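Multiple structures follow.
You will see chain A twice below: alongside chain B first, and alongside chain C after that.
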Partner chain A sequence: MTPAAAPAANASSRPPAAAAIALAAAVAALAFTFLHAESQAAVGWIAASSVAAVLAAARLGALRWASRGALARERTTSVALAAGLAALVLAFHDDHFTLLLLARVLLVATACLGLHVQFGMAGVVNFAGAAFFGIGSYTAAVLAGRTSVPHVAVLAAAGALAALVGSVLLLPLLRTRGHYAALITIAFGIGFRTFLEVNDALGGPQGLNVAGFSLLGFSFNENWTVRGVEVSFYVAYVALAFLLLGGAFAVVRRLETSWIGLALDAVRLDETAAASFGVRVPRWKIGAFTLGNFVTGVAGALSAMMTGYIAPNAFTFQESLVFVSIVLLGGIGNAWGLLLATFLVVVVPEKLQAIQEYRFLLFASLVVLVLVFRPSGLVPRALRRRFGEAP
Partner chain B sequence: MDAGLLGQYVVNGAMLGMMYALVALGFTLFFGVLDVIQFAHGDVVTAGAFAGLATALALSAAGVRSDAALLVAVALAAILSMAALGVALARALVLPLRSAPPLNVLLVTLMAGTVLRECIRLFFPNGSQPHRFPALLPSGAFVLGGLTLRHDNLLMLGAGVLLVVGMHLLIRRTRLGLAIRAVAQDEETARTMGIDFERIVLVTFAIGSGLAAVAGTMHGLYYNEVNFGSGLLLGVIGFSAAIIGGLGNIYGAILGGFVFAALQTLGAAALPFASAYKDVFAFAVVIVLMTIRPTGLIGERVSERV
Partner chain C sequence: MTGPLLSVRGLTRRFGGVVALDGLSFELEPGRILGLIGPNGSGKTTFFNVLTGVYRAHAGELRFAGRPVTNLPPQAIYELGITRTFQRSRLCLTLTVFDNVALGNHRRLEHGLAFNVLRRRALGREFEAMRAAVCELLAIFDAPLAERLEEPVAGIPMIDRRRIEICRALASRPRLLLLDEPSAGMTPEETRRLMDDILEVRRRLGDLGIVLVEHEMSAIERATDRCVVLDYGRKLAEGTYAEVAADPRVKQAYLGLA
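Let's turn to the complex of A and B:
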């Protein structure tokens, strides 16, 4: 993987960087047309034709060429995608709603990366993703509203608290397997939501208002003007959310390609075999679960500060299932697929108001179909490459 | 606390426990024959209640006035339609995915449950609102000192006990029960003994889902209300009950159902300052119980095959 380790002979057979850039450009262009469309008919047509285009590209092999190229040059891909996002932000600089959507995609993707570490890498199930997201949100609401802790520290504290509360579940999770472990997280998620509803100190069912993010005296909740052009305050949130996602993504990809990822793979695939080869199963499960909850909690905190208001209804079991569906649709264990799945799951129902009412029904049906007909997800996880080997 | 109030708590707890036990029986039966969790089961309970409600409304509109006739029709419609639904779910989702990782089955059925729940919400007339469930049972009550025993509660408890005893006899004393136990114990050996595996699995799903329909109807009669979303919590509670008891063990499921109801009742009675926390309390105790006995009270015997 590291450039130094890549044998020179393979360098020539590496797909050109053009593939990565072409893929990123196509993704950005698609996202732009989709986000830009106003009328329901236009949105519907674009959705239908992009599905057709993707199928055609897959048929012609273009998709394979581009995605192989993109994966072979991850750094180029990341930079190209970041540039694509910047172009989107520039294009929609005064459109609150679209920018809010983009920021939400980035934050949900960050939260799902947390689940990805737990579920996709270490095989620790977590059906309480929304609960850990909620712990982060409520921490942010309380700390930002009632204390003067700097907001960057609030984000870190939210993640830390999510990880800390999650550690209550560690012993039960280590002692149980499979369905029994799944029940523990389900019971926790439902118990947490009920707790929020009946609790008065945290606002009960009405929820809490959350102060907006501010950094060194710069408030994120004010529009700014650059050379006479009004810029939506959400641009700042998109940028911060992008930093969070980028950071989390870089850490996760590093972990995946390192010996830690290898150890986690072993734990996920066969605990008994892993243990007999000297892999310390509890240690890795604890590490993955805690890291995942931290990431999810941080995303929850920023999300709460961005929307300015939280209530228990946002952290239901249903929402946890949406998170799990994203991880699954992305192709469990495939961090790139996860980004795509988040975009689909968050943006499509918002733009297609006609299906808004039916969104849970559609997701659920979609996940059922994927599990029956394509159990490895939309973008299946690739086989682990040997270190230093080109794909 | 006086004896009357205590008795009231016991009766209410027993009613809840009976419903939970019936739901948990389904979970444990399915796990027994296929080693899978059918998580749409909670929503099958709600769907059963709605099927019963629809039948009652249709028959009332057609001019049927006798409560007894309505009750029989409601119960039959709910049981038969849910048995069919259970078979369909097993056929379409659970059997094809048996060789996939077990969590895939859990997920696919969770999602199927969501589909079911959303279908009720979106396509039942006014489905997002709670619906009044007709009171089909006699409404009188025995009064013993401070304790009021309502006839309808006693009838439902009696029906539940009959069903549980019936399940025991079915599993222990009939050829079908023998086949179910054989399949649960060892699928391949059962096949070589001439047992039609798929048929037994489908019959088991029909039985379990029929029990869920009874639980749903009871739930509707007990609260006089049905709500499209109640299946999720009922499903999780039933699953918890089956797991506390030890998956695959029908007596464990019954025990687990009553244990969970006892926890909730205890939470409501013993935390007077915070009876709203009863569910939080019950789920917390479930997590603690599972930590102490990771495979349930009447444990499934687990061995590692390497």
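Let's turn to the complex of A and C:
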């Protein structure tokens, strides 16, 4: 019996930090070329060659080396990715469209982290992600437009309201499993959209304008100039969205590598066995569902304040499916994979206008292909290993 | 402690018209191993499920260390100190050996949100303490297993999975351990080794009571102090293995001898 020997062996076989940094640099460089390309031909060419590059790297084992290194040193990876994002922001500092796209990636990733807590960790399905995102958005529209509540508190209130409205679903969700639970969330999502459309106080089908975010008198909706250089106001939104995502991500990774993650795994994998070891299954499901909706709601609120306008047709069942497909593609239960999947799903159709109209068709086929050929997602769930390693 | 660890009085459970348990009564002293045997469908697993709160009892009474425990929910049964293994392995195959065993100690782990997210050092210490405890438990069975703590259970051979399952059941230091056919799917040699392990567990954990459901008569003979024979939910015979094995009614129920 050598309890001390195991961690030591782990530490010595830990891949070098270079792997994490190399991966982050490659991701940032790829993102830059892709975002920078203007003509459709160039975008298409870059997309095709990056797929080829990734396949080649996988064949050579470089991908495996880099991703193992990155996952073994999450803190280094996080810092390197944050630096990569900062470099992207610097490069596109006056490009509204690209910055908006980046902020949207960050916010959708945050929203999907909420789903990840529910589906990936506790095994509670939620096909109404866009509805909870929408609850956050509408809360922000109403509170920021009609009251003088500070905007940081608006974000928190939006999350709290999403969590509260979600509790309506708790009783039916706890009494059903599998397909039936999924149907309940689908019904809720469709019902929510209908409610918005017929509700004139919330703008009906035309929707609402939303005030921009402001913090201590600093408005996020004004461009600034730094030493004569014009900087897009979206930089501030990217920064704030990054803070939200970073916070949510750190909490989620810490939960995963803690006793809470273990209890949720037990609930997801075998309720009967979990219950016989004292795990109070309903309580854990409620906790995960509520926390997930809170996170999704906060992301929805900031998203609404950033775009300045919301309408019911932004919160459809189809949008919920996009969220779910991100979680599936990322490798149900892998928060890192989820970031990658969000980037693919949000950015590719925006840049590749040719496929814009067919994007749902494309996602659908992508999800089917992944489920057939790589059922555990692009980046499969990792084992819970050492504690205290999360970013 | 005086008095029995577990006492069962007139326990009855029906499934529609089928009486799975029919007025079952017996007692178990602390530190003893009781074998529960009987043909398929005679109510052995049903007894475990009623005792651990998975199914409700329709009549009768269960007392654990003098306290009535009939129809308590599974969590309450676990917290009183009764744990079990399952007939078909219910380990979480995608989780590591450590995770599976640590889950058994759920009630003593700190589950506060602030503790788990913010107090990472304290969490790390709890983790190391649990790791030492898990190694100690695994070492009762098989020392090399303690070196595979970080591997997923999916890659572990059957006999070791059984051992891990028993360790998971022992992780919370229960007073009564229920083993549901631990030898299922194993070779006679593996079964013999597992029974030795169970005797070793009893030797180390002084007053732990064990109820062992088995089909394998050699296993029962090797490991148990007393046996209760079930047939159609009723107690057919009770006594040492030698006594019940010689009982003509048992022979008839089991072997179909006239």
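Here is the rule we go by: the second predicted complex is superposed on the first by the 375 of 391 C-alpha atoms of A that agree within 3 Å, B and C clash if a C-alpha of one lies under 4 Å from a C-alpha of the other, contacts with A are read in each partner's own complex, and residues count from 1 in each chain.
Here is the rule we use: contacts are C-beta pairs under 8 Å (C-beta built on N, C-alpha and C of every residue); 3 or more make two chains touch, one makes a residue touch a chain.
Fair warning: this is a prediction, and the values are worked out from it, not measured in the lab.
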Per the contact definition in the header, classify A:205: touching chain B only (first), chain C only (second), both, or neither.
neither
Can A:195 be said to touch chain B (first), chain C (second), both, or neither?
first
Touching A:251, do we find chain B (first), chain C (second), both, or neither?
second
Looking at A:182 after the superposition, I want to know if it touches chain B, chain C, both of them or none. Which is it: first, second, both, neither?
first
Based on the superposed arrangement, let me know which partner A:381 touches: chain B (first), chain C (second), both, or neither?
second
For A:265, is the partner it touches chain B (first), chain C (second), both, or none of the two (neither)?
second
Indicate the residue numbers of chain A shared between its chain B interface and its chain C interface, in ascending order.
272-273, 276
Where on chain A is chain C touching in the complex?
1-3, 5-6, 10, 251, 254-255, 258-260, 262-263, 265-266, 269-270, 272-280, 381, 383-385, 387-388, 390
Under the definition above, what is the set of chain B residues touching chain A in their complex?
31, 37, 93, 96-97, 100, 102-104, 106-108, 110-112, 114-115, 118-119, 122, 232-233, 236, 239-240, 243, 247, 274, 276-277, 279-280, 283-284, 286-288, 290-291, 294-296, 302, 304, 306
Contact footprint of chain A on chain C as seen in their complex
52, 54, 73-75, 77-79, 83-84, 86, 90-92, 94-96, 99, 102-104, 106-107, 109-111, 113, 116-117, 120-121, 123-124, 126-128, 131-132, 135-136, 138-139, 143, 146-147, 149-150, 152, 168, 172
Across the complex, what residues on chain A touch chain B?
125, 169, 171-172, 175-180, 182-184, 186-188, 190-191, 194-195, 198, 272-273, 276, 317-318, 321, 324-325, 328, 357-358, 360-361, 363-365, 367-368, 371-372, 375
